[in-house]
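Presented sequentially are two complexes of subunit A, the first with subunit B as partner and the second with subunit C.
After this line comes the complex of A and B, so read on.
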């Protein structure tokens, strides 16, 4: 219970912090709108409401991913610059719980992406978005929040060890676009892409979103279940790795290096 | 001449100091790998959803890499100097702030050109863009025109960044907005009159058009390159006025070192 309260407080503090920072507002609201407009203009040619809806929602999910990627990395860098990373590591609460709140806050901000993109697409671009099952979509988006946050926690492992790791993790923005099948279906890509996407928790969330848009509730629920399982594995692996790098970072005394 | 040399030297020295990520291990991933990933992602999206061949999207995103480097350069100078606590010294120094900023744009511009060149080469190798080597000088000329106009645009945005707490917001909008307005990913049949109208007054649009025309084997569109350079001159003039204005504003309001 104490840990859950800690997680909630950590999530709330980070969410309040990042929602006042323009760079995250840009990542979670403005960037998805720009990408959604590009994708919607391109998809409009197809004339298929399903393609337009799926592609537009794909850009919203990517907004969630970009926010998580920059939010997780950015907050660790900020903590390091402010000299707060060492006290957080030294505190009795496990580091993984501190990072979980941070990553969850970043991906929660991604919900703005989904809402803003949907509103923009309907009222700004006048698109005829057709969502087969709005309830299944809402569930899939919530699961997606946890899935992207879990991926953020796994990635934060490298950030504890090296301040420059953020530059490297930023490189993951576009490969995720491709491997999640967010805008372009995986069947359009080389064969090796699909097995690789199975390893990514958010790709199952994306499949659940696509099934919800198509109105296939049974498939959406199945994908949500797989996403939950893979996400749980991510959280476990992330916590384990963070314990390991925490010890390594203390031994090598690299926490304060920026 | 002595002054120009001083500004150029200052630019290269500050590049070493202000771009801490520019180490051997990180410079290639940042300058080459990330733009290539953008190119691959948008080429895939374009081929899957769009109306143009892969080369259209690949070339568009390759040239966009130059614009990105040029626009972010001026902003990074303001942001990094602010973090280091040296921005106020820079503004208070007796040298011209315009010259200092312009000098600091040179190294990122060169790296941006390098990045764009690598990406165009990749686009030529992996997509269906026809190309004959004798057209290389004119392609380079058009890319240099894009670099020049985007640097001037970046300088204008950088001057506004002097006054803002969050310096990255405006350039981010400009860089990603260009992907929407300037024909990077949207051909004339997929864009709207409003988007075209905005794109027409922005840098990159006409230079990118020129690059595509030359690569397609058509006559060198001198008018498009001249328009690109004219927009660059307008942006440079705006940058001069804005730098003066915001330099004075931040002194009066004492907001130079405030970061958001």
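After this line comes the complex of A and C, so read on.
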């Protein structure tokens, strides 16, 4: 219970902190609209409402990933600069819970990305979006929040050890867009890339979103289930790796800024 | 009844780097801190004080040696150690600066698993205690360095720790705030809390610490009560006597008194000013009075050696002799 309470407090604190940062607000507010405009214009040439809708939602997921990645990777740099990484490690609550709150806060802002992208596409760009099952889509988006947050936590493991965490996290932004199937369908990728996407929890979330848009509720639920399983595995692996990395960081003395 | 040992550091070594760049920040130090004791770690920058503290805080692993806090090993029982210790590492960082003081306190209270019913009263009490009660809703980024330092202190007490580590706690605090902090530190030890203090302020260390160690280049160069550290450092008490009509032979005999190390006489017209340097642990004045006989004393002033004198003598003997 105390852990869940901390998770809530941590989520709230990070949400308040990052929502006051101009750079972060640009990433989560403006960037998704730019993505949506570009991708929607490209997809509009197909004339297929399903393609347009799927592509538009793909850009929404791209926005969610950007906010999660910059939120999680960037937050480690920020925690170091603010002198908070060391105090958090020195507390009895495991580091993974603090990161979980952080990553969830970033992904929560990612929900804005989804909503803003849809509203902009319909009212700003005049696109005809058709969603087969809005309820299945809402569930898929919520699961997607946890999946991207979990991926953020797993990736953050490497970032604890480096004071250049932010630049390292930026490197991961574009490959993930492609492997998640957010920009182009996974079937367009080379065969060797597909197994890689299976390992990514958000790619199952993306499949669930695509199925919900197509109105295939049964498939969407199946994809959601797989996404939940892979996400749970991510959380477990992330917690384990963070324990190992924390010990390594204490050995190498890299928790403080200097 | 045997005294409980709250901190036990045995042959602690901590190195940084490797190969040709290997540096021994802490080089085989051992000490113990008893329950309810205020223990000082003194030393110049880079002496290994903060490294030693961080090992005890569990944010650094020892390279070798053993450190136990409240009987828990810092390497093996990390979580137990963390539950029972608090710390102030000082500086103006260590908070979510865009959040209020109260929001920061709530975050750390949850991080330290403090039940919410206790949080409701304790957060307000601690903010009042450090003089931030009326600023609790203000963002930390609007605070001065001294206010942030006081918030650090409130934060360090949020989970009512048994052992408290204070690294330069009065750095950046105004004199009134510093005095309040010293009083608070005294209150904590009176309540049975164990406090480990590092400071550059020798008057503060002398006033607060029951025992201390002086660390230089990773090693302990003196330890014990402040008085015994002064003795170990070989610093002297200086007594200045202004008098009239004393015979030169009587003055010369002063150096024969046990405990007196040096006598310097200066003639000022009809007066003589005699500077007598003696060991800090010996009161030589009765013997001096007896040797000088019935002369007229205009003035007698004694300057006791300070911990700062001892510190300088231990850390930089060249400076002490100047």
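Keep in mind that, in the parts below, the second predicted complex is superposed on the first by the 255 of 258 C-alpha atoms of A that agree within 3 Å, B and C clash if a C-alpha of one lies under 4 Å from a C-alpha of the other, contacts with A are read in each partner's own complex, and residues count from 1 in each chain.
We take it that contacts are C-beta pairs under 8 Å (C-beta built on N, C-alpha and C of every residue); 3 or more make two chains touch, one makes a residue touch a chain.
Note that this is a predicted model, so its numbers are computed, not measured.
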Report for A:46: first if it touches subunit B alone, second if subunit C alone, otherwise both or neither. first
Determine, under the contact definition given at the top, whether A:171 touches first (subunit B), second (subunit C), both, or neither. first
Could you look at A:222 and tell me whether it touches subunit B, subunit C, both or neither (first, second, both, neither)? neither
Contacts of subunit A common to subunit B and subunit C in the A-superposed view 21
Write out the stretch or stretches of subunit A touching subunit B in their complex. 21-23, 26, 30-31, 34-35, 37-39, 41-46, 51, 55, 164, 167-168, 170-171, 173-175, 177-178, 183-185, 188-189
State the interface residues of subunit B toward subunit A in the complex, per the touch definition above. 21, 23, 25-26, 29-30, 33-34, 37-38, 40-41, 44-46, 48-51, 166, 168-169, 172-173, 176-177, 179-180, 185-186, 189-192, 260
For a test of understanding, state which residues of subunit A touch subunit C in their complex under the given definition. 2, 5-6, 9-10, 13, 16-17, 20-21, 81-84, 86-93, 98, 247, 250-251, 253, 255-256
So, in the complex, the side of subunit C touching subunit A is made of residues 16, 57-61, 79, 82-83, 87, 89, 91, 93-99, 103, 106-108, 110-113, 115-116
